[in-house]
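Have a look at the structure that comes next, please.
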Amino acid sequence: MSSSIAKSSQPPIEIMRRPGRIQLTYWQGVRRRLSRDPISMVCAGILVLMIAAAIFAPWVAPMDPYKTSMLQRLQPIGTAGHLLGTDELGRDMLSRLIYGGRVSLLMGLLPIAIATLIGSAFGIVAGFFGGKTNMVIMRITDVFFAFPSVLLAVGLAGALGAGLVNCLVSLAVVFTRAITRVAESATTQIRNHDFVEAARATGASAPRIIVGHVLTNVSSLILTYASSLISVSIVLASGLSFLGLGIAPPTADWGLMLNSLRQSIFIAPVNAVMPGIMILIASVCFNLLSDGLRTAMEVKP
Amino acid sequence: MTAARPGPENRPSPPLLDVRELSVRFFLGGTALGAVSGVDFQLALGETLCLLGESGAGKTVTMRALIRLLPPTAQIAGHIMLDGIDVMGLDANGLQAVRGTKVSMIFQDPLTAMDPVFTIGSQIAETVVCHDGLSYSAARVRALELLDLVQIPSARRRLDAYPHELSGGLRQRAMIALALSCRPKLLLADEPTTALDATVQIQILLLLRELQRELGMATIFVTHDLGVACEVADRVAVMYAGRFVETGTITEVIDSPRHPYTIGLLGSTVHAGTHNGLLTPIPGAPPDLSDMPPGCAFAPRCPRVVPVCNERMPELVEFEAGRQARCPRITETEIA
Amino acid sequence: MNSASATAERRARSLSGPGNRVEEDRPVLSVHELKKYFRLSGGPFGAARGYVQAVDGVNFSVSKGETLGVVGESGCGKSTTARLLIRLIKPDQGRILLDGQDVDGPNGISVRALRHQVQMVFQDSYASLNPRHTAAEEVSFGLSAQGVARFEARRRANEVLDLVGLEPRVFADRYPHELSGGQRQRVNIARALALNPRVLILDEAVSSLDKSVEAQVLNLLIDIKKRLGLTYVFISHDLNVVQFVSDRVLVMYLGKVVEIGPVEKVYRSTGHPYTRALIESRLSMDPRRRIAAPPVAGDLPSPINPPSGCRFRTRCPIVEPICGIQEPPLEVVGDDPLHVAACHALAPRSGHSLAPARISQTSSLSGA
């Protein structure tokens, strides 16, 4: 009887797999493809350097970022003792840039991390349960969407007052709404697939299905989108600091530095744009890395 | 190389379509995938050829290669003569002149094959205006004639309908009308009834048969369904892994199949006579085109395999007039 | 007079649902007056624009160990019925009974308990398996969700994969994109079998497979059914496949049951004009005996506004005025009380010109 039931007649495992190929999980495949992309690797390298410098700033920075010197104001690049010159109060530019990275990069990454957690939770719940739950969550999100992001950030920061934490909060709110939408739409797509129905049919509870089936499929979409927002967050945070709604001086922060160097733009233009260049490099690297991540995630092994 | 088959009038006429050594390769990320290899056939006016095979057999790719409707990653090689025109030598303008006029195609899913923002009347009229140079109002009259030809009820009202407003069967008829608008000599049909319900499918198949008779077109049908082949085909070419494995008239192939794949296909098709038994399926699965075995592509699944099958690809041999098969064992008298 | 009461009893029994004989085999699954309408929103504030009458008063039962085939074309409600049976969708009206007990009823069993006994095999679309799960993970998910320990769930998954012909050593750790269509469908079947159900609902389980693979999977399904003593509800649009696997057949049209009966009776002595049209629409396998004219004209009406009375009347070859006025009840076809069809031409004194004059002279349409 078994002979006519055609056991799936595949040759044994040794022949089936191409020689040298080991079984990869999805994330291992993503990592492997990402590591083969030169642009992503270069950007990742630069970012790692920046972040490491920021974390180990006390050991990496050559001088004290707060030490002013009226005699050494706006020194150009290459001045003895100041590799990148000094700012308008005579503080070492390189050290301030390194210390500034702490705040600016933090303001880029942390709001996104928070927004991803909260936004995904809302979006997945809205997408999975549909109906009234979906309506309530998404309409509230729509209310937040009614405001342009910069305006919303400025408004919230203004209402909460300046300071690191308030800035973080307002940025997190701005990005949560976008991630909620992306998570909801991704979940709605997955929700109707047969394998989710099959999981329901086996009697699995909703949290079980969300964790076991939905999350594994939407996480790549959400992560790709979230990573593309990091650069926006850096720029937005710098903008808030520029407007005086973020960190207060004399803390080093790239946006703040742009503001305070603004008046010197005709006198020492190179010095004035240096913080802007750092913002640019960080944003571009995050963007390119995010692109690379998306490509790596899309391809099936 | 088969001689030109006589047309239905039994008078030798030059074939409308003459295909020799057609092969299609896809280039994906540096590697080449051979989708179709060494396809030869001829088709006369009024004849219907069915390309029969399962998924991955290369039948759709073959058909699309005839009018070079393939993505840029595809490389077509070979010789295609259509009504005296060398299709491989045409430039973009030449291709555009041929498509829609000499040869037309109908697709499996009319909803995606027609533009959703234009009414079917305007889509048909647009084709007529573009190819035949008629005025728009004359083209609309022709569109109405065509809708009547494909037996769409209330045709005048339907001229102004959008594709999504029509039911599946009506949409398919509209697509057929669109394809016939410039009186093509060759009609290519890519699984046109697969997505339709049974009662509608038979209507469309009979319509196509009737139209083909009336207008004297040559038709190529791509299908995986043996029943469709039995209903519409004069000749059938069974494809497996990009090659023809058996050809002949439909009656000959159904009555006395020679290639083990064809035999297996007939044995595993569920039809009215198979109740209360077990089917005899073909073991294994269709091959992965990127990982083909040396020798005959069907050898891993073949019940009659012998060592020579794994050494090299068998030739397509004409063992009777108009009958070909690609198997070294067909010349044996007994079917072991 | 004796014959009148005997035939009246016969009619009453047949009309209460085939296979529902009280003293004999109690049906495993039975369905009474099942209704499901889908709202079409589109008016202001999402008000209902209309209702799709997907399933409109369906009655049938499934006996232990049989295969009930369900056929129909698009819009007939067979997929919706499948999902109602396993309670993936909640019915608007009607009851589902498992072993005679109401599902989700006041004194009956819970939906959760239903799902221990009734499982579903889906059509092999690419989305029938989670692309991020291996075969073993997918099959064991249901078990883990029920609280089974991971090791045990994995062991059971391997056991079931072996049962469907996929050697666990080779296939357990493969992802769906590394499997062929037939293999994916076997995983689908394994997933359904993992929880040891008694009833399998197969919704177009072989429809998207190549013909050679379809035959393999059909053989597998038949083998498993015998080995495990299962009961099948086999839904398909392909009449040949349904005839091949089924013991009894149910034909649906636009949300209604139009015919039920033993498979040979339905296919050979057809009662309903629609069933006959479906059967005659099957493509012939003989090129010398091609179909000359389409058995039925026109397209399926929209399920939003189905025709009044008998829903098939807009395409029926023997339509008469009574058909538009009154919905036909299920009437016995021929002399087998288990074979019924909903057609006025079978109902005595219905007003249809072909209807028999007296109850004892019911006859099928095959001779008409």
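Going in written order, the chains are labelled A, B and C, and every chain counts its residues from 1.
The rule we apply is simple: a contact is a pair of C-beta atoms (placed from the backbone, for glycine too) under 8 Å apart; a residue touches a chain by one contact, two chains touch by 3 or more.
Treat the numbers as computed from the prediction; the structure is a model and nothing was measured.
Of all chains, the one whose mean C-alpha position sits at the greatest distance from that of chain C is A. Across all inter-chain contacts, the pair with the most C-beta pairs is B-C. If you average the Cα atoms of chain B and of chain C, the two centres end up 34 Å apart. Remark: chain A and chain B have CA centroids separated by 51 Å (rounded to whole angstrom).
Multi-chain contact residues, meaning those touching two or more other chains, occur in chain A at positions 4, 6, 8, 10. Residues of chain B in contact with two or more other chains: 278, 280-281, 283, 285. Residue positions of chain C touching 2 or more other chains, listed in rising order: 182-183, 216, 219. Residues 83, 86, 88, 112, 115-116, 119-120, 122-123, 125, 127-133, 138, 141-143, 145-146, 165-167, 169-171, 173, 175, 177, 182-183, 186, 188, 191-192, 194-195, 216, 219-220, 223 of chain C touch chain A in their complex. Across the complex, chain B is touched by residues 73-74, 180-183, 210-216, 218-219, 222, 237-241, 243-244, 263, 277-278, 281-288, 290-300 of chain C. On the chain A side of its complex with chain C, the touching residues are 1, 4-8, 10, 12-13, 16, 23, 26, 193-195, 197-205, 208-209, 212-213, 216-217, 300-301. Taken together, the chain B residues at the contact with chain C in this complex read 54-55, 153, 167-170, 197-203, 205-206, 224-228, 230-231, 233, 250-251, 254, 264-265, 267-275, 278-283, 285-286.
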